[in-house]
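Going by the order they are written in, the chains are A, B, C and D; count residues from 1 in each one.
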Amino acid sequence: MVISKCRCCRTLAPADRGGGGSSPASGGPVDAELLADLAAASRILADQGVVDAFGHVSMRHPAAPDRFLMSRSLAPALVTPGDIVEYSLDCAAYEGDERPGFLERFIHGEIYRARPDVMSVVHSHSPSVIPFGLVEAPMRAMFHNAAFLAGGVPVFDISKKFGATDMLVGNPEKGVALAEVLGERPVVLMRAHGSVAVGPDLQSAVFRAVYTEVNARIQHQTTLYGGPVAALTPEEGVLADEVNMKAGHRAWTLWTKRVGR
Amino acid sequence: MVISKCRCCRTLAPADRGGGGSSPASGGPVDAELLADLAAASRILADQGVVDAFGHVSMRHPAAPDRFLMSRSLAPALVTPGDIVEYSLDCAAYEGDERPGFLERFIHGEIYRARPDVMSVVHSHSPSVIPFGLVEAPMRAMFHNAAFLAGGVPVFDISKKFGATDMLVGNPEKGVALAEVLGERPVVLMRAHGSVAVGPDLQSAVFRAVYTEVNARIQHQTTLYGGPVAALTPEEGVLADEVNMKAGHRAWTLWTKRVGR
Amino acid sequence: MVISKCRCCRTLAPADRGGGGSSPASGGPVDAELLADLAAASRILADQGVVDAFGHVSMRHPAAPDRFLMSRSLAPALVTPGDIVEYSLDCAAYEGDERPGFLERFIHGEIYRARPDVMSVVHSHSPSVIPFGLVEAPMRAMFHNAAFLAGGVPVFDISKKFGATDMLVGNPEKGVALAEVLGERPVVLMRAHGSVAVGPDLQSAVFRAVYTEVNARIQHQTTLYGGPVAALTPEEGVLADEVNMKAGHRAWTLWTKRVGR
Amino acid sequence: MVISKCRCCRTLAPADRGGGGSSPASGGPVDAELLADLAAASRILADQGVVDAFGHVSMRHPAAPDRFLMSRSLAPALVTPGDIVEYSLDCAAYEGDERPGFLERFIHGEIYRARPDVMSVVHSHSPSVIPFGLVEAPMRAMFHNAAFLAGGVPVFDISKKFGATDMLVGNPEKGVALAEVLGERPVVLMRAHGSVAVGPDLQSAVFRAVYTEVNARIQHQTTLYGGPVAALTPEEGVLADEVNMKAGHRAWTLWTKRVGR
């Protein structure tokens, strides 16, 4: 394991810049409050046990739909607004920003490209969720806070298309394949890897990432009893999710307070 | 997810005021110590893992049995005495108090109406308890601290009477239906949602909410072994609960110390 | 639930004084270091998740084998040396000390009477241990730190002798019955209640209470796989326990540091 | 349990010095940064729940391959650079250093002897891992962060060669036997005891110890569902581990920050 002496090394190898080509121009300045929200989201996901040293959250650039914002490669608990980098959908960093990025930022870029409705993406290895990428039993919505799962949770198995790999969504092609399996859903599982949650805004994507993990723990306990499970129906899921999208701000208020924003 | 700029917004829509009609008069002033206890109860439930960003606790007005006290809509960990609102059993706020209330305060109002013996109500999505609202296996009392469960724990399935809904007890009719399933019990489970614990005083309702969650975790582990389970019998439950109702103050002393009351 | 206004109330009802008779004389002064150790043990058990608001630890009086030392009735996390009371084996408090004691101090008194080798007793409702008092599967030693369990862990079912009760060992007769089932073992389980761990000194009893809980969690996970379990054999248990009794001081050093002794 | 009055006692009995013979000369001075890293590794393992009061981490002497560095016998959470002792591969301490060492330092000495590629060794009783030393089900790699497990995880049963013992690898012969079962793997399980993780540097060994525990918890949950498990294939494991060995520094950065290095 190579521990770089300089933790803010700025030599970004060209191969690391995504789809090649020259550095894109910026989508324009971003409100400092939004950057603080995005950095807080990163720390919230760590505080809530969704990410550990790995995982990342991004948001689409508010003024430029073909740009997104995401921390440089860094443990989520340590992210501050100054760590945020602007990327094109090809995952190339804004001109002059040579700080190393996450290897898997293609998850974000390709989902933003495929899903105009998505404004924020969370990728994690949320531990209790991983089993559902490994077994045949589908993830289901155990309670109303996880209503967004009631429409079904697809599983992306990277080996189907790419054979034996390092499991990472480390190039645009793999990002496209993942986005295809995600389809119009809010969550996609990744076999032997983790999951992705998306939303129409930053708060919703974080909310979904957190409650996907909570729901997974509840489903594990429920499974102990065998027999039928009276999970949320798809119809109930739609109705309950509408409320979550409004009432969920209570969670954001609490979570930001916990991480000091 | 809508994040209000102003977190103390006081515009309470009329539709949000419960059974309609004009604002009720107050049941009279409440001892500051009681309000501090109620706010502490809210923070205790968060500290003990019974509630997260959601859930609520209330107490009946000490001088007016047709009034109850409950925080405005806020994450339980953040509640202070100043957040407490007075409601009629119709769940209309005391005149002039226009702070948004919890959507599900009808759980509280209708249980106070149906159960004159109940002085406090806790509603939570306590995670380990949720499976018992989804499977056929009944919740049972695994140890004496959960003796109050030994008489049986009913399950309220909102779809039985109301079809596909957003799962919330968001109007008086649903509150009445929930209170009917609760009957004379101390705890009722809510399918794909959570549970409600009630008690003859604030401390007992909190105690029951906490030990319902602890008991659920123990029952999950017990279930791993299959075979018969030598749970508390109903008769043992009655005898043990009497002691809990006296000795339980040790828990309250500890828990209030932890949350800084 | 009755919350006493005065938390240090000193009115000890005669019925609460154990086997009746007059208050016994003291077994003599006790080194302040020992009292600090005993109070720390109480806080350690809370810090390690063995006790919550309930449970207690005692030690035999170092100079008077027919006396033992134990906190007044108080949540274990809050115990300081000033809370410690001296009891006779009949569980009557030293003359003049009228602070309410734990209802179940008879667990301690009767074990000290039956087991001259025991110098310390811990009673807890350690959650992961409770299932083994409810099912037929016996508790076994999953690893060397729990070697003391390898000789077998008996279960005390209070209903066998006393029928339906409040489950508490609240009088001398019940204490005698519990001590009989404990026999020469280091740990006894109590059906639908909790467990007791004993040792030749305070540190060992605490060590055993902690690792009984840790071992229980490991056994639950092990049980998921079905099939044979290569647990410690009784012979391995004897050999490994000898080492624990020496090396265990590392745990005490760490644990006392955590609780501020 | 014997609690030494003096916690820094320096009387090291000759029998405690490993393979006998006279004290070896030092392999030379070690950079203070490396000692600080090694002490931090110890505290990280405690912070991450891999070790409790027991367990230890070592690193090979950077200038002398026949020497290794390891804390004196002490709870891992308490280790500072001043606690680190230099040992020969026979596990004899550097001349004049008479502080008591860990009984099981032979795990380290014999693995360093058998595996020239190994630069660091972690031994723990990481709780969720213990079941896999007790049952027939093999440990498998549930996700890419645990890719190092995909090649298989052998189990060392000390009784196979040594009959009934105290379970400890307390002499060179037992260390040799353990190293043989480890073979060329990164992790070996020890029946009814714990496990060992090794790596080409300190950070990798710590990373592997942490993710062996995380992976075990995920495998327990996965096992609840029965049926086939789409774990990492050995080929995927090799590819994914290469990335971990580079990207893993993010974890080290986070973990050291948490423990104050």
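Everything that follows uses one rule, which is that a contact is a pair of C-beta atoms (placed from the backbone, for glycine too) under 8 Å apart; a residue touches a chain by one contact, two chains touch by 3 or more.
Predicted model, so just to flag it, every value in this text is computed and none were measured.
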Which is it for copies chain C and chain D: same residues on both faces, with over half shared, or different residues? different
Using C-alpha centroids, which chain lies at the maximum separation from chain D? B
Which angle of rotation, from 0 to 180°, maps the CA atoms of chain A onto the equivalent atoms of chain D, to the nearest 5? 90
Could you state the distance in Å from the CA-based centre of chain A to that of chain B? 33
When the centre of a chain is set as the mean of its C-alpha atoms, what distance in Å lies between chain B and chain D? 47
Name the residues of chain A that each touch 2 or more other chains. 224
Chain-chain contacts, ordered by label, are A-B, A-D, B-C, C-D
List of chain C residues in touch with chain D within their complex: 141-145, 147, 199-201, 203-204, 207, 214, 217-218, 221-222, 224-233, 235-236, 239-240, 242-255, 257
Tell me, which parts of chain D touch chain C in their complex? 1-4, 7, 52-54, 73-75, 77-78, 103, 125, 127-128, 130-131, 133-137, 157, 159, 164-168, 191-194, 216, 220, 223-224
